[in-house]
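For reference, the structures are reproduced in the following blocks.
Note that chain A is present in both complexes that follow, paired respectively with chain B and with chain C.
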Partner chain A sequence: MTATLSRAVGPPRMRRKAPSRRVLLLVLPMVVVFAAGFAVPLYFVVRFSLEHFDAAGGQPWGFTFDQFRTIFTTPLYGNLILRTLGLALATTVISALIGYPLALAITRGPRRLRAPLTAVVTIPLLTSVVVKTFGWQVLLSTDGLLQRTFDAVGLSSVKLINTSTGVVIGLVHTYFPFMVISLVAALAALDRRTEEAAAALGSPPGQVFRRVTFPQSLDGLAAGSALTFVISMSALITPQMLGGGKVSTIVTVIYQQATTAQNWPLASALGVVLLIITFLILSLQTLAVRRATRG
Partner chain B sequence: MTATTRRRAPATADVDPRSDVVLAMHGVSVVYGATRVLREVDLSVHRGELIALLGPSGSGKTTMIRTIAGFTHPAEGQLLLHGRDLAGVPVHRRNIGLVFQSYALFPHLSVADNIAYPLKVQKKSRAAIKARVAELVELVQLGGHAGKRPARLSGGQQQRVALARALAMDPELLLLDEPLSNLDANLRREVGEEIRRLQQRTGTTTIMVTHDRQEAFGMADRMAVLRDGRIEQLDTPRAVYRRPANAFMAGFAGDANLIPGTVTATGPTEVTTAAGRLATDDETTAGAEVVVLVRPEDVRIEPPGDAAPGLLAATIAESFYYGSSLVVQADAGGVRVQALVTGAANVRFEPGQRVSLRIDARDAVLVPGGATS
Partner chain C sequence: MRPAGEAGRRVRAGSVVFWVVIAVIVVFILAPLAVAIGSSVTATGYLTFPPQGFTLKWFAAAANDPKFLDALWTSLELGVATTVISVLAGVLASYAIVRRPGVFTGTLEQVLLSPILLPAVVLGLGILFALSLSGWLGTFPGGLLAHVIIASPFVTRSVLAGLRRLDSALEEASRSLGAGAARTFCRIVLPSLRGAILGGAVFAFVISFDEAVVTLFLTGSGFTTLPITIFTYVQYSNNPTIAAVSTVIVVVSAVLVGLVTRGGAQDER
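Here is the complex of A and B:
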């Protein structure tokens, strides 16, 4: 009764207007950039991936799934995809292991540590990837500081330059800021009172973290992981410079095929595969977040 | 100038001294940097009672419950829970329930899992947890919501979850921080009464913080009024209202006419004020300068008549009609006297109208400490 009454005398419902021309005008630049910079190239990539390749005769216009068949039946490419995923996974896991404590220190630690720690995270982002990677080349090389240290402590069997290990080190340094930023956002948004409530309900500090803080940061961890995984999976410079041609990933092979071998159809098909993997991972993350927030 | 006043009879039945003290605070002071937020607070909370900590913002009431909960540590003084010193006892070992103003429910857990939290922490058996949660869900009337996430509940429902979660641990003491302030104004009284019923049914010893005196009056067995980190008065709501400790308390507890005067006769006491002569049942010494408290609802408006002790000649200045009551401002010898007339549907007063104000001797209370305190 009261409800009907208040609805009757309440303010009139706003009727949703059709988007006006002015709004369309506002999004027009974005639409142009999107079309020219993304939709059209994507179309060509997909189109190229469905063409023949003839090393002698170039690229006769046609329609075939030859490239995809090659990728999915040749062990070489299967291994390539697995290695790429493995490198991205290792990078993501290590970034999470380094990033979580760092994010905790930034959000929970003493205030005067906040600025220097944030700098540690943001400076790699502000530095050119090439410069960073050159630095790592020096450190990781056979007579570099890090390799010598490894040799000195009896870890000489671990080789750093031109190995997956070196590539992962470089990838972690380049991309862990994305993990930390996602985690800091999640931890800063978390209601600290829930932690106090957990303590008052009988939880010692470790349990508060396990049962209340960590579960509430899972969204941030999922977002950071998806981001780190996807970006490190599509990295080119780091695997090329630190892998020295011995650690190939989908992206380095795409680069080789497109530039050296001039095999655009195969390069495009690999690109499409990479795109699909990326899409699957992002969908998985969205799904996980939706499951977690479902009431 | 301070007058010595004695009460003729104890205004309230004091809390039974035989009932056990759950929480005792002795001379507790809390210091943040250079500011002293709590100053030598003494408080005894008895089993099963609900004490309201009432005070304006910044009076130290939230600090007080955070200190009791263990988030803040006193610089001086002692806290005893069932006689056990709480110094050095961490928050999670105190067994003191706390309901936050924002409820602080765990957003990642369902209603049932929120309530089950303290039981899981205590490592109760699965069957015992299930039974206790069902019982609590029933108690706070959340049947049908147990599987939902807190975000899908209304404010009032969330608050009941927070209450059930705190009660699940069977706390020795329950602390409620502004339990009603996040609710719609029209829900507050209803929820307040519900909390009070629940508290009485479960017999949970409770301290509630509020800045709303209506809440404190309606829910509390006793109320402690805080001001600048000190307890100004600790007594039953009735006593605080009828027998305020000082002029500040008189005004804080409700609308008040505070009329200064001189005692001109004793046994029975008569006070001569600028407004006229007032009779009071309180006893004091002749010649003392006093302040007389008269609540507006105790002022009766009558046709003009001869002045007598307790009968003031006055002129109506203004009147405001509030539906259930009529607030009248009258001028008695230059003193503004406010009267509250209830059931006044057909009563009208015009400005300038001459009237008599009748104030019974039992309703005229001498306020200790004079006008300033």
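Here is the complex of A and C:
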């Protein structure tokens, strides 16, 4: 509110005093960095995705949709995209299931638990994904604590390391904080008086939650889900370390094609596909929120 | 307001179940970190959890391994350089964006924040192309460029928020009392932004220090970071030294985050 107000009222007066050359000077360092490290690299990804494989590296630039044709006509890549979306969907759903209670505990639980629970969410967010995933590797391995526990309770058919199950466990652990942060923001912004009114009018707690709290937190849930989905879809370290080469996703294939196979055009085309899916999901979420607030 | 009778019992049972679920989730969150730290003191020659016996020799082994020391040093240098550049360039750009709103600065804000949502793998791929075509692949400056792109949005976001909370009347007062633009910026704006800059800076450092995805595309014989060294090491070795290295990383990140959250809490007071 204050931000929009000062944006609408304050600056125009100041704009007259300062020439826009000063603005250009202020933004110049960041613009230079982003031109070299952002615009040019993205251009290369798009450019290489329209290239023949044999032309990679130094030959005259060609132009072809071959890479995209390969991706969309080979079942191998179709399955790869489906598997990637499936892993991201599973990660998002489980993150919502464990993130919601945690967000409730942070916003509605006892005050003294708020700081420790927030720290519990923040610490993994700021611990290197390599370290976290290494911890999971030890836990999930064939003679690891978790796999032995599974074996002991008769779930020995469930294998954890080098499987999709293990990868989803690692992905949930790495990315659920994004879900919690969105939900905490939504639950904290929610007008508590609506809950109190429902309770005062005799609704039991369960009903207050179902009819009042939950519907009002849907925006936060949608935002958290979209974010968790696109970020877990783009994970590289987790499927690489917990999948052991047996669980490939769009991203692990991009990595292999770019480094080991040196097939830059195919890697780029897969990168463009990933970008488009990311963009679609984020726009869908923005659209949904906009429609909800308008209606 | 105490719930009575059967409904009350149901509520209390419900809340017990709720807190058990929370406890299980907390264990799930902390488990891999506990494992990484716990298995660093095992007396066995291979990684295992719970640890068997107690020894600190893996920390000594890590401290004496030039591979880890060099990587740690590179990661620290990279983190500091990334933070300095992100803060300097980020504060200037944010100031222009907030105080001179327009189509150009509005678009610029979107672009400067977009690496947060862009798939890191696409960025890594593009920077790999750009650096290898220009001959900078596997060098420190090349890695630095990538890290500034990844980390600076967090500085920019934090400083933008700080600036938008700041009352521009303060600056106008300073200007009308005869202070120049530069003097107003240094004496009024920067001190008021201390918290936002510090928060963004620590975040940028931690992001850079932990970054693995984009860096994985860019490492070469002459340039590798600590997370990448760990990533490569665990692919072929089951040696507890890696747990000792991981413990150091967890402690460094936790201390930094603790410092900031404490500073933030003091700011709010």
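Methods note: the second predicted complex is superposed on the first by the 251 of 295 C-alpha atoms of A that agree within 3 Å, B and C clash if a C-alpha of one lies under 4 Å from a C-alpha of the other, contacts with A are read in each partner's own complex, and residues count from 1 in each chain.
One rule holds for everything that comes next: a residue touches a chain if its C-beta (ideal position, glycine included) is under 8 Å from a C-beta of that chain, and two chains touch if they have at least 3 such contacts.
Since we're looking at a predicted model, the values are computed, not measured.
Student: Just checking: does A:215 make contact with chain B only, chain C only, both, or neither of them? Give me first, second, both or neither.
Tutor: First partner only, chain B.
Student: Looking at A:204, would you say it contacts chain B, chain C, both, or neither? Reply first, second, both or neither.
Tutor: A:204 sits against chain B and chain C alike.
Student: Going by the contact rule set out at the top, does A:26 touch chain B (first), chain C (second), both, or neither?
Tutor: After superposing on A, A:26 lies in contact with chain C but is clear of chain B.
Student: Touch test for A:236: chain B only (first), chain C only (second), both, or neither?
Tutor: Only chain C; A:236 stays clear of chain B.
Student: Please tell me which partner, chain B or chain C, touches more residues of chain A.
Tutor: The partner with more contacted residues on chain A is C.
Student: With the two complexes superposed on chain A, say which partner A:292 touches: chain B (first), chain C (second), both, or neither.
Tutor: After superposing on A, A:292 lies in contact with chain B but is clear of chain C.
Student: Does the superposition put A:193 against chain B (first), chain C (second), both, or neither?
Tutor: A:193 sits against chain B, while chain C stays out of touch.
Student: With both complexes superposed on chain A, which partner does A:280 reach: first (chain B), second (chain C), both or neither?
Tutor: In the superposed model, A:280 contacts neither chain B nor chain C.
Student: Contacts for A:144 in the overlay, against chain B (first) and chain C (second): which applies, first, second, both or neither?
Tutor: So A:144 only meets chain C here.
Student: Do any residues of chain A touch both chain B and chain C, and if so, which are they?
Tutor: 204
Student: In their complex, what parts of chain B are in touch with chain A?
Tutor: Contacts found on chain B: 69-71, 90-98, 100, 102, 104-108, 110, 117-118, 121-122, 148-149, 151-152, 165-166, 169.
Student: Per the contact definition, I'd like the list of chain A residues that touch chain C in the complex.
Tutor: Within the complex, chain A touches chain C at residues 2-3, 6-7, 10-11, 13-15, 17-18, 20, 22-23, 26-27, 29-31, 33-34, 36-38, 40-45, 48, 98, 101-102, 104-105, 109, 117, 119-124, 126-139, 143-145, 173, 204-206, 227, 230, 233-234, 236-237, 240-241, 251, 254-255, 258-259, 264, 267-268, 271, 274-275, 278, 282.
Student: Could you please specify the touching residues of chain C with respect to chain A in the complex?
Tutor: 7, 11, 14, 18-19, 21-22, 25-26, 28-36, 39, 47-50, 85, 88-90, 92-93, 95-101, 104-105, 108, 111-112, 115, 117-123, 125-130, 133, 145-146, 148-149, 152, 156, 164-165, 167-169, 171-172, 175, 181, 206, 209-210, 212-213, 216-217, 227-228, 230-231, 234, 242-243, 246, 249-250, 253-254, 256-257, 261
Student: Show me the residue ranges of chain A that touch chain B in the complex, using the header's touch definition.
Tutor: 191, 193-194, 196-204, 207, 211-212, 215-216, 218, 292-295
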